[in-house]
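I've put the structures underneath this note.
Next come two complexes built around chain A: one with chain B, the other with chain C.
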Partner chain A sequence: MRLVLDSIALARPHWSLAAGGTFEPGIHLVSGDVGSGKSTLALIMAGLAAPDRGAVSRDGIGQVMLSFQFPEFHITGFSVADECRSWNLEPEAVLASAGIVVSPERSALSLSRGELKRLHLTCLLSREYDLLLLDEPFSSLDCPGKEWAAGEISRRRRGITVVFTHEQSIFPHTDHIWEIREGILTDCGAMPGALRAWEHAPAIIQRLVAEGCIPDDLTKESVVEAACRMQE
Partner chain B sequence: MQDARIRLSAACLLSAAAFISITGAAAAFVWWLVFTPRVRCIRHRMAVLAAGVLFCLVSLAIVLSGGDGLSYMIRMTAILLVGTWLYADSLPGDFPALGTWLLGQKTGFELGMIAGMAMQAADGLGDDVTRIRLASAQKQVPWGVRAVVSAGRVVIYDALRRADESAELLAVRGYRDGGTCCPRFKTTFGDIIAGICATAVFLVAFIPVSEFFILYR
Partner chain C sequence: MMTFEGVRFRDLSVPSLALPPGITTLIGPNGAGKSTFLKLCAGIKEPEEGLVSIDGSSPRQTEVGYVNEFPDRNLLFSTVKDELASPLRFRHASCAETEREVRACAEWWGMGGLLDRDARDLSGGEKCLVALATAGITRPRVLVLDEYDSHLDAGRCAVAECILRSSGAPYIIRCTQQMEAAAESDRLLFLEKGRIVHAGEPAAVFAELAGTPFYPLSWRCRR
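Right after this comes the complex of A and B.
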């Protein structure tokens, strides 16, 4: 199972994107500034948009899912219960897993963005996919919400998971890092070596790398462990 | 068309002409053919197509109830074409400038700003609907009446939320009412000709068809 971007390119009047590379099973982090083209790249990788040039091949990939940044785009049920059932899930179990205390009969769109994001991610991550693309999964979430989402994503062990984010503090378990630099997708490599090549790494990661205390992973525990090593 | 004042006036006159009579609608259509980039000015073709289908259904209902559905269809199509041209030709800042020029720095500025923000929101609606369709397809929800109603709810909800957020942002920045805008308009010779012709179209709308086609008598 693998996804190959074969020299894809997309040009718009004030913006362009070029990408090439192979995505193997595991959790990939694609970072980049706001407006760098992450969402467009996600659409192309999901096969929901076509590049101007190049091709995307999905070898051995059947089930594909793209989660949009705004959770309300995915809402097809009127109430919270309807929405859970639209994913073939029991509302009570979803609400318990999402950690939100609301009536299942409440209108899904009356939830706050953060609650809606938790509900959507819980429903989405309850299923298995060969290719799961998460566009800004941490947006609209507070710190506990981001940590919860990172934990849920980290539990994925099957298929290819690609997390597109400009998040700078909380990350899931990561196997591979990619970065969009000036419109070009750059392969930073596999963890933990990728941290040396990650130009837009968060300040704490840059400091740890500079001090030679490279964390094994991007999870909170790994970063804290590396920081403790630095202080020794 | 460069001058926003002439553009909006022309659109109002042409829409009124099309609404008043079939003669007006036909004249407005001719104006649209002569003074606009025609189909190239239709930015959201699917939305225009959907509106066209809606007009067809309403026309059919009028015909079935014994009314003049064809007349309705022709007049509404002309209004739709004028609207698509006005939408495509508008530039950011046009509405605040126009509002201020027309009604002053307080009421005019506010109305212009609201119109400008509404146009900005309308620009994003097409992208939102596309994403909702893609998300529904991924959940294997067929794009039928139920899905369209659901998408409509999301679009309205999002528009209201954005409006609320914009209002809060304006309040946080200290906005109370009115503002300062020094509108400047560039008027070309072509704008004046198009404006005069739009006025002529409006006047033609009051001429009965039998007067217009003299051979008819």
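Right after this comes the complex of A and C.
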């Protein structure tokens, strides 16, 4: 199973994107500035948009899922219960798992954005996919919610998971890092060596790398462990 | 001083609170009432009981710039230029002043290249930037910003912080889930289940939150 971006390119009046590379099974992180094309790349990887040039091949990939950065775009049911049932899930179980204390009959779009994100991710992460593309999965989540989401994503050891994010503190287990620089998808490499090449690394990671205390992973435990080494 | 006296709205209760000028940041779990608190500050909602006051006036009698946590709910007009111009046009500013202010604002925010773009085609982060710039373009006395940074990269967050600090707005009330950003505020309010559980300077509030996911990661790593 693998996803191959074969010299894809996309040009718009105000920006452009070029990407090439192979995404093997594991958890990949993609970072980039606002407006650099991360969401467009996610759409192309999912097959929901086509590049101007090049090709995307999804070898051995059957089930594909894309989580949009705006959870409100995913809502298909009027109430929270309707939304859960649209995923074939029991509302009470979803609410308990998501940690949301609201009536199942409440309008889904009346939830706070963080609650909506929790609801959406709980439903989405209840299934297995060969290719899972998560566009800004941590935005709007509170800190415990980010840790929960990072844990859930980390447990996905099957298939290809690609996380597009601006998050600066809380990350899942990560196997590979990519970033969009000047409109070009750049392969920073496999972890932990990728941290040396990661220009969009959060400030704390940059500091740890500069001090030579490179974490094995991006999980909170690994970062704190590396920070403790730095303090010794 | 921004004050809350005996305020109740649905599940939110703020018996008494006085916020001096500066940057106040709300933090807390999803569903704690942060957005409701901000809507009361902006005058979008009025308390069911009690009074919110900003230097003696109600929020609805005060110039307020507001950013909704749902980026698409901020955008009313087709192009970025029209969106930025809207607060100026609503107050009948001249065409020349509107044009000048829109250009200057776009330059400050580093989005001169976005002016003629269709707002619906922007990325999530770009929509947030447009909403922020629009909220501040008339230099309101109060800026109320709900999760304005949830789709911004670290560089844009730093730019936003710099612009907000130099905006001249006496009161900036915001909420964020980026604890490193919250730590830069003048004061924090930690909300949980509709109540303000902790209030004070960041060091004091985060001391109460040590060991929780809300404690800034970089503070754990401080030498």
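Here is the rule we go by: the second predicted complex is superposed on the first by the 232 of 232 C-alpha atoms of A that agree within 3 Å, B and C clash if a C-alpha of one lies under 4 Å from a C-alpha of the other, contacts with A are read in each partner's own complex, and residues count from 1 in each chain.
One rule holds in what follows: contacts are C-beta pairs under 8 Å (C-beta built on N, C-alpha and C of every residue); 3 or more make two chains touch, one makes a residue touch a chain.
The structure presented is a predicted model; accordingly, all values stated were derived computationally and were not measured.
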{"item": "Combined model on chain A where chain B meets chain C, clash or fit", "value": "clash"}
{"item": "Partner chain in contact with A:L48 - chain B first, chain C second, else both or neither", "value": "first"}
{"item": "Per-residue contact with chain A, leading partner among chain C and chain B", "value": "C"}
{"item": "Which superposed partner A:S86 touches (first chain B, second chain C, both, neither)", "value": "first"}
{"item": "Partner chain in contact with A:R181 - chain B first, chain C second, else both or neither", "value": "neither"}
{"item": "Partner chain in contact with A:E136 - chain B first, chain C second, else both or neither", "value": "second"}
{"item": "First (chain B), second (chain C), both or neither touched by A:E72", "value": "both"}
{"item": "Intersection of the chain A residues that touch chain B with those that touch chain C", "value": "70, 72"}
{"item": "Interface residues, chain B side, partner chain A - complex", "value": "128, 131-132, 134-136, 138-139, 141, 147, 150, 153-154, 157-158"}
{"item": "Residues on chain A engaged by chain C in the complex (per definition of touch)", "value": "14, 31-35, 38-39, 69-70, 72, 100-102, 111-115, 117-118, 136, 139-147, 166, 168-170, 200, 202-204, 207-208, 220, 223-224, 227, 230-231"}
{"item": "Sites on chain A touched by chain B in the complex", "value": "43, 48, 64-66, 68, 70, 72-78, 86-87, 109"}
{"item": "Residues on chain C engaged by chain A in the complex (per definition of touch)", "value": "28-31, 34-35, 69-72, 113-114, 117, 122-126, 128-129, 147, 150-156, 177-180, 212-214, 216-218, 220-221, 223"}
